[in-house]
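So, here come the structures, one by one.
Here subunit A shows up in two complexes: once beside subunit B, once beside subunit C.
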Partner chain A sequence: MPEPILKLEEVSKTYRTKGSMFGGRAAGLVKALQCVSLEVLKGEIFGLVGESGSGKTTAGRLIVKLESPESGRVLLNGEVLSTLRGRRLKAYRRRVQMIFQDPYQSLNPQLSIYESVVEPITIHRLAAGRERMERVLSMIQTVGLSPPESFVNRYPHQLSGGQRQRVAIARAMVLEPDFVVADEPTSMLDASYSAKIFNIILEMRKRFGITILFITHSLAAARYLCDRIAVIYRGHLMEVGTAAEVIHHPLHPYTRALIDALPKFGLAEQIPRYNTLLEEERAGVEAVGCPFFMRCRKAHRTQCGREVPGLEPVGPGRFVACFFPGNGGGAGGKGS
Partner chain B sequence: MDNGERFDTSRMKRSHWAAHFLEGWSVFIQNPLGKAGVGLLILFGLMAAASVIPPWIDPMYRPMTGVDPEIVRSVGPSLKHWLGTDFMGRDLFSQLLAGARIAFMVGVSAAFMTVVLGTAIGMTAGYMGRTVDTLLMRLADIIMVMPTLLFVLMLAALFGQLNIWTIVLIIGLFRWPGVSRVIRSQTLSLKQRPFIEAARVAGASHLRIIFRHIMPNVLPLSFLYMTFRVTSAITIEAALAFLGFGDPGTVSWGMMLQWVWKTGHMFKAPYWLLPPGICISLITLSFYMLGRAMDEVLDPRLRKEEDA
Partner chain C sequence: MNARTAGTGNRNSEAEDLLEVEDLSVGYRTKRGFMRAVDGISFSLKKGRSLGLVGESGCGKTTVGMTLMGLLPPNGEVRGGRILFKGEDLVQKTEEEMQRLRWNEIAMIFQAAMNALNPVQRVEKQIAEAILTHAPDLPEEEALRRVEGLFQMVNLPGERMHDYPHQYSGGMKQRAIIAMALACNPDLIIADEPTTALDVIVQHQILEEIKALQDDLGISLIFISHDISIVADVSHDIGVMYAGQLVEYGSREEVFGDPRHYYTRALLASYPTLAGEKRDLVPIPGETPSLVAPPSGCRFCDRCDAAAEACSLERPDWLEISPTHRVLCARCLSS
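What follows is the complex of A and B.
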């Protein structure tokens, strides 16, 4: 079994929101991540799946050190991130890269494609002169912008969203990093374009042996791309396992609800409906119990409402945070 | 750039800016305000350039020292003196031309100083945030509420006549806060944008982020503010000169007005009073129109880049 390259140890992150004086919003705390622990193994594509606002981007930003955890530790190759300063931080920046969600925002409009992609090489003094240029050109070719010479002189506003995202991928990959966080790289693009971007990511892994944290709200994308996935809900990890197992045999009521929500395209017979979602959310929920309590059909009022279920192993490499995982809700219990 | 690159990045950079400029220019020149502003400025530019001609024709046309020996008082327009002469027989037309040169000099150099200072301070405050931001912006508040003119008057009263470059320097030191506020807020919004974060993730230093990623995105705004600052610098200099605190060694339009007033020709010599007065109004107006037209050109483009 390959060793873990990235570790999150009981990481929590809380944002303080200012609240607007006139909008009637009170200042408050948003718990974006709560006591999240996970390991990503060398060479795998690890999927972080969850709905909007569940804390996926926050996790990614912690890993690339755009943000610091409030408590807990993030480790890459055994190095604790919060201790990195100066030269070691810069070395870390070379090894860990991020592909951002919105390609319309992640490229400087004033820089040409060449200037954007060459910048990381210049910063880390990896090459100069002709060699540097060759590296940029070949990377632009690798991400499928061909011939590269016809793209290098252009500016972001002259490219489509998909082409921009390819440039952003080239910028991240040109450093040949060990670890890449890909934050919903296709969510701003046409669905038809997603598969192309996915294939580039797969190609990159094959070629450079990169480990990837792939953030997505789509189980289908995670199934296509990932070796293992973790399902996150409101800052809590709900279920971890191999992509195939989690999607074909989901154990957590929330994962099941996500699978219910997948479009079926007439394949309803092959995909069991779990029906774990309440029609109406529970009212008057104390903030102490299971984070999914208010929407969970299976919830046990006394236990689930009072205690937070921990992420417990239920099999080799399989973890679930639920007091009543799997059975009991009834797989295939259609229209219960 | 490196030798032997297959494409020339610096040339490409120039053409990028050239394309931006041409695109902006074509919108700009269709704007009636822009047209009028540019037209007037060309006129004043010609005046400033032409100011070297009269002294070259005859020493008596030297704006400061040249005196027509046959006339030693103020007389109205004639063929020899198109706008007439001042109280000691100096040619008013030559003075008016020289005044255009001074106006450009004072206006542009003071505005340049304000804008460089304002941009640098605004970017620093916005980017660094926290204490640095608070300190710089408090300083800006303090300077902003100090009336520039009054302060210069006090200095002049303390140190006697001020040199024209001292005046420029003081205007520069006093007028940056407005620019810095605008640049600061622009920097604040740029700082949040993912391309800045991407640069951080790539390992870019603070200096690189400021100069490579933030500055090119705020410069159009700085440039816009420069035109408005030219207007205010010219007005301040004129007011100072009129009140008698100008540089006695230069012939500015404000100086001309001061001489009309001091020698009691205010209501007797309209040929002397009106030209500098009209010129001051028109040149400030033309820079203002230029700025407004530029505002209209830049604004949609800034917006377009934001959501493009």
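What follows is the complex of A and C.
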């Protein structure tokens, strides 16, 4: 059993939004992550799946140390991130990379494509001269920008969306990191290019044992790439398990709702329907219990509305945060 | 203001063409020569209908959208063709005339969602301003109320209206941009990869809203996406692009149900699903040809299973499979 390389221990993160200063609105609090604990094993591809605004990017930014948790700890290889300083911090910045979600913001518009990809190598003094140039060109070619010569002198605004996304991937991968947070890395790429990128990731894992936290909203992509998946909803982990288990036998009502909402193209009848999502949010109740209570068809008013279900083991390596996982119990559930 | 009234919702039947693109060619001047990003494409769109444009990264989809908006960058240039919008050629219009059309009649949900928002202005204010620019007589409270309605429509929590864009997650920015495009009730919306950062539940809700708007107001839609499952969900017609050209065009049922071009078939085959056995994902082998010096014959030739010698030499012709389905390949019928 491979040991965990990354650990999140009860990590929480809250953002303050100021509201309107002049309109006299009170400051708002956004709880982006709430007491999240998880472990990523060495060499695995771990998927983080969830709705927009659920805290996925926040988790990624904590891991690459662009932000620090408000409470809880993040550990990589047993080292607590908040204690890293000086040389160890610099080494960390090389070993751990993030492919940012938005290629339009993550590339410096003043730098040509060549400069963007060569910059990290130069900063970390990994290669120089001819070797450095060859490494950059071959990385650019690898992500399918071909021939590299016709791209290297361009600036980001002279590329299409998917081409930029591939430059961002090249920039992160050129350092041959140990750990990569890939935040929706192929969201702008068609199936063929995505497959190419996935194959590169799989190849890098085989060659260098790279570990990946793969943030995606696509369950189909997660199915192909990930060993394990965690489903996150409003800052809470809802379900953790192997990709195959979570996708083919989802236990949490929210995971089931995600599968129901997939466009039916090419799936037809093969995918079961669970009907766990309420069309309209529950009215007239304050959600103090389960985060999914307001939209959960299976919810039991007294229990789910008042208590927060913990992430409990329901089988080997399988965790669910729900009082009525699977087909069991619940007000609107089918019963088992 | 917008002269369109409600009650024009009855789709198709006697609907007229809102947009007709004829033999449009657009490119970019670069150090290595003129890059023919869009090369002779033609399509049309009726009122209240939607056209899905699919094709691989870099094939020219955004360029088509930006050309329709009159927002090409300084090195971009229309080299030929016409864009008839309500019977008038947009290519011939001055910037001033285009400004009057833009947002009011033609709106675009930009692929670069983040760049389209002003970073130093609260989101609510930006959308309200967009509304007020085009309807200066509207009372401000009315505009703000409309913003609230738009937030609801795109599923953004109302209490986040006063935030700055950087306080939004990726998908929240994308939804704000969708709200912005809907703000002025345009006749044509160009949606360029509008849901790349959205989970399936929110995506489904927004697509349903857009479809309802189409029915109620007769809005036409050009839906650009690499995700064929979403395109199949919202589009009446499909245009498949490859290396700057349209290679297959027709009704959704025909193009996705009976694909004839090898590229369309390859695209459909490489689509990952949850159904069936998990198989290896196989990218389409080979590379896209150069757009500065494109090959004289078929552009997909190097990557096509069925390619014959003639394919690389002669420019393929359009073949009509049915009155509502055509394909740019002379070999498609033999298989």
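In this section, the second predicted complex is superposed on the first by the 295 of 336 C-alpha atoms of A that agree within 3 Å, B and C clash if a C-alpha of one lies under 4 Å from a C-alpha of the other, contacts with A are read in each partner's own complex, and residues count from 1 in each chain.
Convention: a contact is a pair of C-beta atoms (placed from the backbone, for glycine too) under 8 Å apart; a residue touches a chain by one contact, two chains touch by 3 or more.
Computed from a predicted structure; not experimentally measured.
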What is the contact status of A:A220 with respect to subunit B (first) and subunit C (second): first, second, both, or neither? second
Pick one for A:T17: touches subunit B only (first), subunit C only (second), both, or neither. second
Just subunit B (first), just subunit C (second), both, or neither: which does A:Y104 touch? both
Just checking: does A:R132 make contact with subunit B only, subunit C only, both, or neither of them? Give me first, second, both or neither. first
So, A:I259: does it touch subunit B (first), subunit C (second), both, or neither? second
Quick check on the superposed pair: does A:N153 touch subunit B, subunit C, both, or neither? Answer first, second, both or neither. both
Partner chain(s) touched by A:N199 [first = subunit B, second = subunit C, both, neither]: second
Of the two partners subunit B and subunit C, which one touches more residues belonging to subunit A? C
Which of subunit B and subunit C A:L175 touches, first, second, both or neither: first
Subunit B and subunit C footprints on subunit A meet at residues 101-102, 104-105, 153, 157
Subunit C partner, complex, touching residues on subunit A are 15, 17-20, 23, 25, 28, 30, 50-54, 57, 101-102, 104-105, 144, 146, 150, 153-154, 157-163, 165-166, 184, 187-196, 198-199, 217, 219-221, 223-224, 244, 247, 257-259, 261-268, 270-271, 277
Of subunit B, residues touching subunit A in the complex: 2-7, 9, 12-13, 16, 193-195, 197-205, 208, 212-213, 216-217, 305, 307-308
Partner subunit A, residues of subunit C touching it in the complex: 28, 30-32, 54-58, 61-62, 73, 75, 111-115, 122, 159-160, 162-163, 167, 169-172, 174-175, 193, 196-204, 226-230, 232-233, 256, 266-268, 270-276, 278, 281-284, 287-288, 290, 292
In their complex, what parts of subunit A are in touch with subunit B? 64-66, 90, 93-94, 96-98, 100-102, 104-112, 114-115, 119-120, 123-124, 128-130, 132-133, 149, 152-153, 155-157, 168, 171, 175
